[in-house]
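Right, one structure below, let's go through it.
We just call them A, B, C, D, E and F in the order they show up, numbering each chain from 1.
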Amino acid sequence: MRRLVVTDVPRPDPAKVRRLEGYGTATVHEALGRTGSLGPDLRPIQQGMAVAGRAVTALCWPGDNLMIHAAVEQCGEGDVLVVAMAGPSTWGVFGDLFATALQHRGARAVVCDAAVRDTATLREMGFGAWSRHVSVQGSVKATAGNVNLPVVISGQVVEAGDVVVADDDGVVVVPRGRVDEALLGCEAREAKEAATRAAFLEGQLGLDRYGLRAVLADLGVSYRRWDELDRDAVRSDG
Amino acid sequence: MRRLVVTDVPRPDPAKVRRLEGYGTATVHEALGRTGSLGPDLRPIQQGMAVAGRAVTALCWPGDNLMIHAAVEQCGEGDVLVVAMAGPSTWGVFGDLFATALQHRGARAVVCDAAVRDTATLREMGFGAWSRHVSVQGSVKATAGNVNLPVVISGQVVEAGDVVVADDDGVVVVPRGRVDEALLGCEAREAKEAATRAAFLEGQLGLDRYGLRAVLADLGVSYRRWDELDRDAVRSDG
Amino acid sequence: MRRLVVTDVPRPDPAKVRRLEGYGTATVHEALGRTGSLGPDLRPIQQGMAVAGRAVTALCWPGDNLMIHAAVEQCGEGDVLVVAMAGPSTWGVFGDLFATALQHRGARAVVCDAAVRDTATLREMGFGAWSRHVSVQGSVKATAGNVNLPVVISGQVVEAGDVVVADDDGVVVVPRGRVDEALLGCEAREAKEAATRAAFLEGQLGLDRYGLRAVLADLGVSYRRWDELDRDAVRSDG
Amino acid sequence: MRRLVVTDVPRPDPAKVRRLEGYGTATVHEALGRTGSLGPDLRPIQQGMAVAGRAVTALCWPGDNLMIHAAVEQCGEGDVLVVAMAGPSTWGVFGDLFATALQHRGARAVVCDAAVRDTATLREMGFGAWSRHVSVQGSVKATAGNVNLPVVISGQVVEAGDVVVADDDGVVVVPRGRVDEALLGCEAREAKEAATRAAFLEGQLGLDRYGLRAVLADLGVSYRRWDELDRDAVRSDG
Amino acid sequence: MRRLVVTDVPRPDPAKVRRLEGYGTATVHEALGRTGSLGPDLRPIQQGMAVAGRAVTALCWPGDNLMIHAAVEQCGEGDVLVVAMAGPSTWGVFGDLFATALQHRGARAVVCDAAVRDTATLREMGFGAWSRHVSVQGSVKATAGNVNLPVVISGQVVEAGDVVVADDDGVVVVPRGRVDEALLGCEAREAKEAATRAAFLEGQLGLDRYGLRAVLADLGVSYRRWDELDRDAVRSDG
Amino acid sequence: MRRLVVTDVPRPDPAKVRRLEGYGTATVHEALGRTGSLGPDLRPIQQGMAVAGRAVTALCWPGDNLMIHAAVEQCGEGDVLVVAMAGPSTWGVFGDLFATALQHRGARAVVCDAAVRDTATLREMGFGAWSRHVSVQGSVKATAGNVNLPVVISGQVVEAGDVVVADDDGVVVVPRGRVDEALLGCEAREAKEAATRAAFLEGQLGLDRYGLRAVLADLGVSYRRWDELDRDAVRSDG
């Protein structure tokens, strides 16, 4: 594990970050060609909050939050702190004191691959938190790690300076070099979805809108009425 | 995997379905002799919603929602779409566009053995969702499956035309041939529980109400005062 | 498994219990030298409730709640029922009828190492519940166990007469012989945290407040500017 | 849970069962249209054993092996005992005494959705065992279940009289009505695989043998030389 | 976490330990009233080895093996080192160098609630290892813990001076105050099992030997012939 | 997901690869500063095999092995095929036919983040396999992915041209730019370990060899004799 704190990471254009926040994780993820998700196990501790911001990353030893202290200093206006662990851990490494320090610096949320605690207070403060666990189990400050080097969470690489987008559906990372591509994709997707939604509200089916009847036929899917079905032959496939 | 879409599945009596919805999952499950539960891992994305409806089933390939499109067409007034997966998957196969199309047709909820997304929007729409995961990870429409054939979720067989009951405690399936038996059982159980609740509110104990003191004695359970206990002999059994 | 019900377990001083409730799980856990947590998998079914009370313990066979009936009789004013399982189980062993009986006796909450059900009703009743699972799957009353002997949940020993503290962050156990030590520790910690919070609100960093810059230097952590970084050399460490 | 022991379940043709055993689980599973697998979590306790036999099913309460005693009586020459659990359990319900009784009756193996124990002895006896866990944790004989009614293991329905095939790769179930179809499919598949193996041994590629170059092209997959790759653009997709 | 190394832990009578080793884990576990198991997730890295010895315990921080060094000094002839973790961890804390030092002192095996590595070498050395994981991931020596204080593994308390019994089925702990009770129970159980085995080899059924036909009848279990079964009524209960 | 097959990936010096194979995963992992491990869940299907080779990577859709066919063509003498999945999957995507084709081309092993099957045959062939699961569940060839782009397995980035080292302890990846560093580190570590082993065989303790007595004292760890211990104060910390 490299023992390095990287400083002065470029911050993406705040206006673009705000637009990504507005689109939300599902749209951004699609706009990136279905990449960027930190997976279903990083859950929000609050409901109804959406956040996007520059990623400041920290890599910590399990049960040790020393490097979060180093990372706080690297955080500023609108940032999202991303805490990765050198190994799987269920322990709490982040609580309301860190949130106080971060909020003072303008940072808005934490994404934590271990546990957060003081969740009631975090909700009161309006400081966003997405984490793998909630746990009171406390940490030490004894082991080195790094700040703002690339980390991996749930198989997804996150680099300092990327844009983290988080809402009720989870967390998505936009590589800093793909922000414009993501925005273009979001715009296109929103337009397409709006049209689809309108069509669905008028009763059109996805089967027709996307030409899926032909796909089904090509794949050999046939139709049969319930009362013409040989019930003995349809035991579940598992 | 059979490649078949079954149509015209009989719909259970709406009045009976409504009554099952009123009883809720725990009562219905007991009324069926403690069967029918889809287990603890299918969780609601909302709180305080109770739904019952005819099951329309879809069996999808992991990461593929083609068959949901086929299933939407089979859904109508009051139905619950039940999405099973051919293998374990954490990916999102259901979101707000599907909910829009289903709500337009009168369907009320989805039960999904993979992930849903757009959860904030689903909650706003009042479209119920119970799922194993929440995840933005998107799907393709490339692989065949089936609609309205029996599926298995968490070890429980679900057949099209069964009644799905879902609330804060989870999801229970009533086989279409056992709806009347379930209703009778629910009625009986509610009466019994009301009497028990009243007795408990007056201070009666389950030990006495159910004759369990004799059961405990038969099983060799004895009583001892704390200050007469040999503390060295009571290390935890694990 | 010993077949014993222990009665007349001493109750800790209610005033002290109330103070522990006020401090909350994270503070109490720290005050105990970072011990006592029942881990991240025992989650509350409600949000915003904090409870502390004397532990009344029950050890049950998986899928069997006979011993909970015996434990209810041992519960009184302000108690918390702690249900441990002889083996891992996802089944529901606790619901609203038990809560009714317990609430009548003055007990306030249940901590359950299996599943609870009737969660909507429990929330309405204001009866607290922390559990590993939520599940409708019902239980029998057929197998012996014990009440008020030491149990283990998530690797933590809980003894009857200990104080259980539970809130949004989870559950912590204070051994009955360490209540005063815990209170002293809580007091000290709260004072220290208040000072830290004030300092953080004025912009001080943990790095400076805790003298961590020297620790980082000792551990060989160095600083480098982003634009001076050899990007090829910083592929993620995993 | 129905409380029933079903007797006199028809036994499939032993010659056909023996042929299925020879083909092995992977081939049989493919011959059934990729169905029938009990999944990756039922593992053999031995290496190098292949078994096929008529399924005799038992449904047990977690931690209770009463119904296995009832099932033993229903087992005979060449049978495979299939033990399902009413709920998830890690406890040992099967050991060398059961194996002794079963081997005496001509049965050959057990498939157990909980744990087996006495594994060293089972290996010495040459009695096959596939199970979800290995654990010494013992069981009681206190709770009713059933024998030879349909059960579900890992989402796969198993009915008494089906053929269970088990080897180093796991366990596959052939519905009794599909034995001939399975044999035909196995024969065809073996022939096809033999030809493919011969072709591969002469250097042919699957890409060419199965016409996959066109499939790749249709899906938009292109080729590029390593030294012509823009390395910055190929950060992992996660 | 207390920071203490306890020395001079009494060693149980070696002759009795040897006898426990001979009985094996399943018999010992039954002799203790079905207690003492460390559960199904602590697996041997070798097959066919049985070991019993005095427990020397170490409690380590995740990813840190400092306290194992302290524990080695406390190990002697015939001991089994038991490594517990302060929190869940998949990292390797034990390898062939530790085994070399321990073997030199006469210790025979390790039981590790995290991961071991150098497994090929450990097998060659004949040094037994039971662990939750196998992993190369290395550890630091930075954080305090304790040696020979009580630890909990898989919900089972292990105290220094207890007897650890381990074989292909897993690991069982005999509290040092219950060794004689365990031996008596083992003797009785072996005799009983030998008689049962003989009876089973002559064709007797457990149903008859244990009087279970009456139990089944009492529980309402009935018998029906396959060809008299209403197949529509026997859809799986799940 | 980028749809690209990268060809002509440089192969590391075979002599160096052979030396890495000789050192084994634990030593290589340490030589890389404790990085590179694919974690404890990728297990070998065989015992006693050690392999090192150039990584050829494939990224597949769950349940789909189309891209493995494309990857086979990119494999040659001494290579190790590394199969990553776009999402978690337990399905079999690799079996003996692939092994036949690969062995024909000189490739030696597969590392698979899903399941392999035909494990008995693979062992007979001497073709190495490390995988997350073993499962017969078969795959389709329908969805695009990529070959020889960076992939992530268990949070570790693997790039085509890296050296994969695998043995009984698991799998470690050496970035192609760090092969020399790894070899130097291995050499140093082996020398150091040999000296330590010799010292341990003569009775030296790690406590003394590594100067850990001072570390323990600094951390506040004290020593106490068993018979001087206040047993009431040492209830397990959990």
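FYI, a contact is a pair of C-beta atoms (placed from the backbone, for glycine too) under 8 Å apart; a residue touches a chain by one contact, two chains touch by 3 or more.
Everything quoted here is computed from the prediction, not taken from an experiment.
Between A-B and the choices A-E, E-F or C-E, the pair with more than half the same contact pairs by residue number is E-F. Among the other chains, F has the CA centre that is most remote from the centre of chain B. With chains reduced to the mean position of their C-alpha atoms, the one farthest from chain A is E.
In this structure chain B contacts its sequence twin chain C using mostly different residue numbers, the overlap staying below half. Taking each chain's centre as the mean of its C-alpha atoms, chain C lies 41 Å from chain D.
One finds 28 Å separating the Cα centroids of chain A and chain C.
Mean C-alpha positions place chain A and chain D at a centre distance of 38 Å. Each of residues 1-2, 33-35, 37, 86, 90, 137, 142-143, 152, 154-157, 235-238 in chain D touches at least two other chains.
Taken together, the chain D residues at the contact with chain E in this complex read 1-10, 59, 66, 69-70, 72-73, 86, 90, 92, 95-98, 100-101, 104-105, 115, 117-120, 133-138, 141-146, 148-152, 157, 160-161. If you check the complex, the residues on chain B that touch chain C are 24-26, 29-30, 34, 37, 39-40, 43, 47-48, 167-170, 172, 193, 196-197, 200-201, 203, 205-207, 210, 212, 215-216, 219-227, 229, 234-238. Interface residues of chain A, counted against chain E in their complex, comprise 61-63, 86-91, 137, 140, 142-143. Interface residues of chain B, counted against chain D in their complex, comprise 1-2, 33-35, 152-157.
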